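Sending over a structure as structure tokens; questions will come in a sec.
Letters A, B and C name the chains as they come in the text, with residue numbers starting at 1 for each one.
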């Protein structure tokens, strides 16, 4: 288990990269730190590794307080964004390097490197240098090197960002399978929400040095706890429309959506609806939002339809083949139970 | 341009190139012909009798071989000192944020081009005199190192800056100590840069005349650059066979080092740092 | 911090700073002090040098020998480097641009060889070339015994020698600069019928102006500090080729008058500083534009 308590990191010059963070990661969990660049996610990962020392707060691994320990004494393994494979060593030497530092005899080192290399499909590449490998192979060497030191925690910094799009999907599946097989607690950093949703058991969404939400992929996708998270998660941005509590509903963009408890009459709110939960209909519906189609984008199995309603742009989806023509009048009816209401002031979800 | 004019221009260009070739080749020819001539004279001419006898005769001079050894000692000593000291400094300056670091580097580089051997001949002679290091090869190594270090640090830091920090961080997470990181990672990865600095240092020291000339009086300790003068300034007529043969032997290593450096790093090897 | 920590970083930098401080920076500042003493290598003033104030500077500034040396240095630097090496280097780079590969290679190698050989060696090559009785130059001119070039025309000999010795740098720098002139510009000039001179002035010069400035400043600085003339003429005959570096050597090491030559050294240091600052300014201006 990895626990972070009240962690704050201030860089010289007053930039606060981490601001009183609390977090605990379960044994064997695959945990994602997700956020835009500059949100502090990499600093958090590096602080867990010991490459940065926190201004205040503590990091625990298992029941040990590792805050004062050097990186090498924490029994963690890190895979860097550029993989950091040593260019002057062969694949075998790279994988065996952590064992060399741990003073294991040469024979044992090489046997273990060979064994792990075999497991990760590197058997034929052992005598090569990193420069002679493809991006995907380099990534696997970096993983093998991390596995070789039998750490209690894996730390991955943007593990897939250096691969091209096609290879990335393959590597993603590989990474998830490997983590399942080894069942080692793994923390990884990513700015790609799709990657986090696909890989992680739980996700912490970070912004400005703070954690905005922690939850499973499903929770974070379905019920983003703030408008920031709502905006960040999802391959198409969520519609965030301004509405007003009126009678027993909320008036938004010419339509009405149900009103949750805990709001007073006349209060302004932000209504969040994912395009995926906003089907486009060609006939009038009670309570539906209505406007003119301005753009249709094909996404494959479905199409994204942007509708102009009173000068505001709202995105909905329609199944492949049912796309309306631009300029026609359509109706958008939110899927019940998928409409999220946020307070205007602090952007928090009204549950 | 008319045809006649173009032809004239062509001819003039060729004549110019031929003259330039002669101008640059003539003095060099002597270095190639005289050592193999059994009775060399000042003028360039085809050896009347080709011979290797002059090279054998070199062994009879009591100082010739020793001075080449001295050149090697000065070159190797300065190279070792400069490479080790510059590498440590460049590594630290590349990796640790020190306020005013760039100003320091540029300042040192400026000083090293301003404080040349010529301008600082007087104080350096006095300093070495006061330290009791006149006639000490170690003293020469120290003075030469002081002059070469700023440029060496500057060039090496540029090189180390291009090595990703993630290499070192990765090794650190595996538990490597700073010295292990230097030995296993930084030095091997920086090897091309270190080799460049090593060759550059040796080239500079091998040809340097003024510093050893004013600091070393004992012919047993003088390097080739200084000793070759004693073959032609002291007593009677200069021994041309000895001078030409010795000069050729003394020149070959530096030419080889340049060829090596140029083949690997191109003309940038000198990018304004010859001093 | 990459695990280096500030104290270890200081320990890594310290040896370099000590060496540079003691053997490069300290001597330069010490020159200031030496110049105001009557420091001599031998005699009473060697044991306990006295501060004599600005006497040395007054002496230097009223000494015709000093002005002669400065004048000779100026000629040496201007004619051999700023004009000679510059023009010949550019001329070679321009002429060899279109030459056949083998010819280009051969000439570049010869010019570079003149540059890389140790100064003690090239100095003797020229002593041999210019010898009165059997030197190659007199042999080619068909006179024997001929002119004693180093005795009769010592400055001319030094200037020619230094052009031979140092043209390589200018040639390499200009040929790199010329290869950065876009071929389309040169072709345009040819199509509109410009003469070679017009092409050089209107197309080539604007491209290489900065290189020319860099080159001139560097070779000026190097030539100004060049001690090789000592190996050819040792300043003679009768001080007629005593450029500043040789003048300092002769007054300090041969004459033993450290205080006086310390004052001369300071003048050289200041001129170096001026050249280096102009160079840095030019380099910075070039980078920002």
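Keep in mind that, in the parts below, a residue touches a chain if its C-beta (ideal position, glycine included) is under 8 Å from a C-beta of that chain, and two chains touch if they have at least 3 such contacts.
Fair warning: this is a prediction, and the values are worked out from it, not measured in the lab.
Enquirer: What chain lies closest to the overall centre, CA atoms only?
Expert: Taking the mean of C-alpha atoms per chain, the most central one is B.
Enquirer: Taking mean CA positions as centres, which chain lies farthest from chain C?
Expert: A
Enquirer: Taking each chain's centre as its mean C-alpha position, how far apart are chain A and chain B in Å?
Expert: 56
Enquirer: What whole-number Å value describes the gap between the mean CA coordinates of chain B and chain C?
Expert: Those two chain centres are 16 Å apart.
Enquirer: Would you kindly tell me how far, in whole Å, the mean C-alpha position of chain C lies from that of chain A?
Expert: 62
Enquirer: Give me the residue numbers in chain A that touch at least two other chains, ranges are fine.
Expert: 70-71
Enquirer: For chain C, jot down the residues that touch at least 2 other chains.
Expert: 3
Enquirer: At which residue positions does chain B touch at least two other chains?
Expert: Within chain B, the residues that touch at least two other chains are 169, 172.
Enquirer: Under the stated contact criterion, what part of chain A meets chain B in this complex?
Expert: 12, 49-51, 70-73, 76-78, 80-82, 84, 86-88, 97-98, 101-102, 149, 155
Enquirer: So in the complex, which bits of chain B are touching chain A?
Expert: That would be residues 97, 164, 166-167, 169-176, 180, 184-185, 188-189, 191 of chain B.
Enquirer: Give the list of chain B residues in touch with chain C in this complex.
Expert: Those in contact with chain C are residues 1, 9, 13, 16-17, 20-21, 23-28, 30-31, 34, 41-44, 81, 85-86, 88-89, 91-93, 95-96, 98, 106, 108, 110-127, 142-143, 145-147, 149-150, 153, 165, 168-169, 172, 178, 181, 203, 206-207, 209-210, 214, 224-226, 228-229, 232, 240, 243, 247, 250-251, 254-255, 258, 267, 270, 272, 274-275.
Enquirer: Which stretch or stretches of chain C touch chain B in the complex?
Expert: 1-4, 6, 8-10, 12-13, 15-17, 19-20, 22-28, 30-31, 34, 39, 88, 91-92, 95-96, 99, 103, 106-107, 110-114, 116-122, 124-129, 131, 133-136, 139, 164, 169, 172, 176, 193, 195-196, 214, 218, 221-222, 225-228, 231, 244-245, 248-249, 252-253, 258, 261-262, 265, 268-269, 272-273, 276-277, 280
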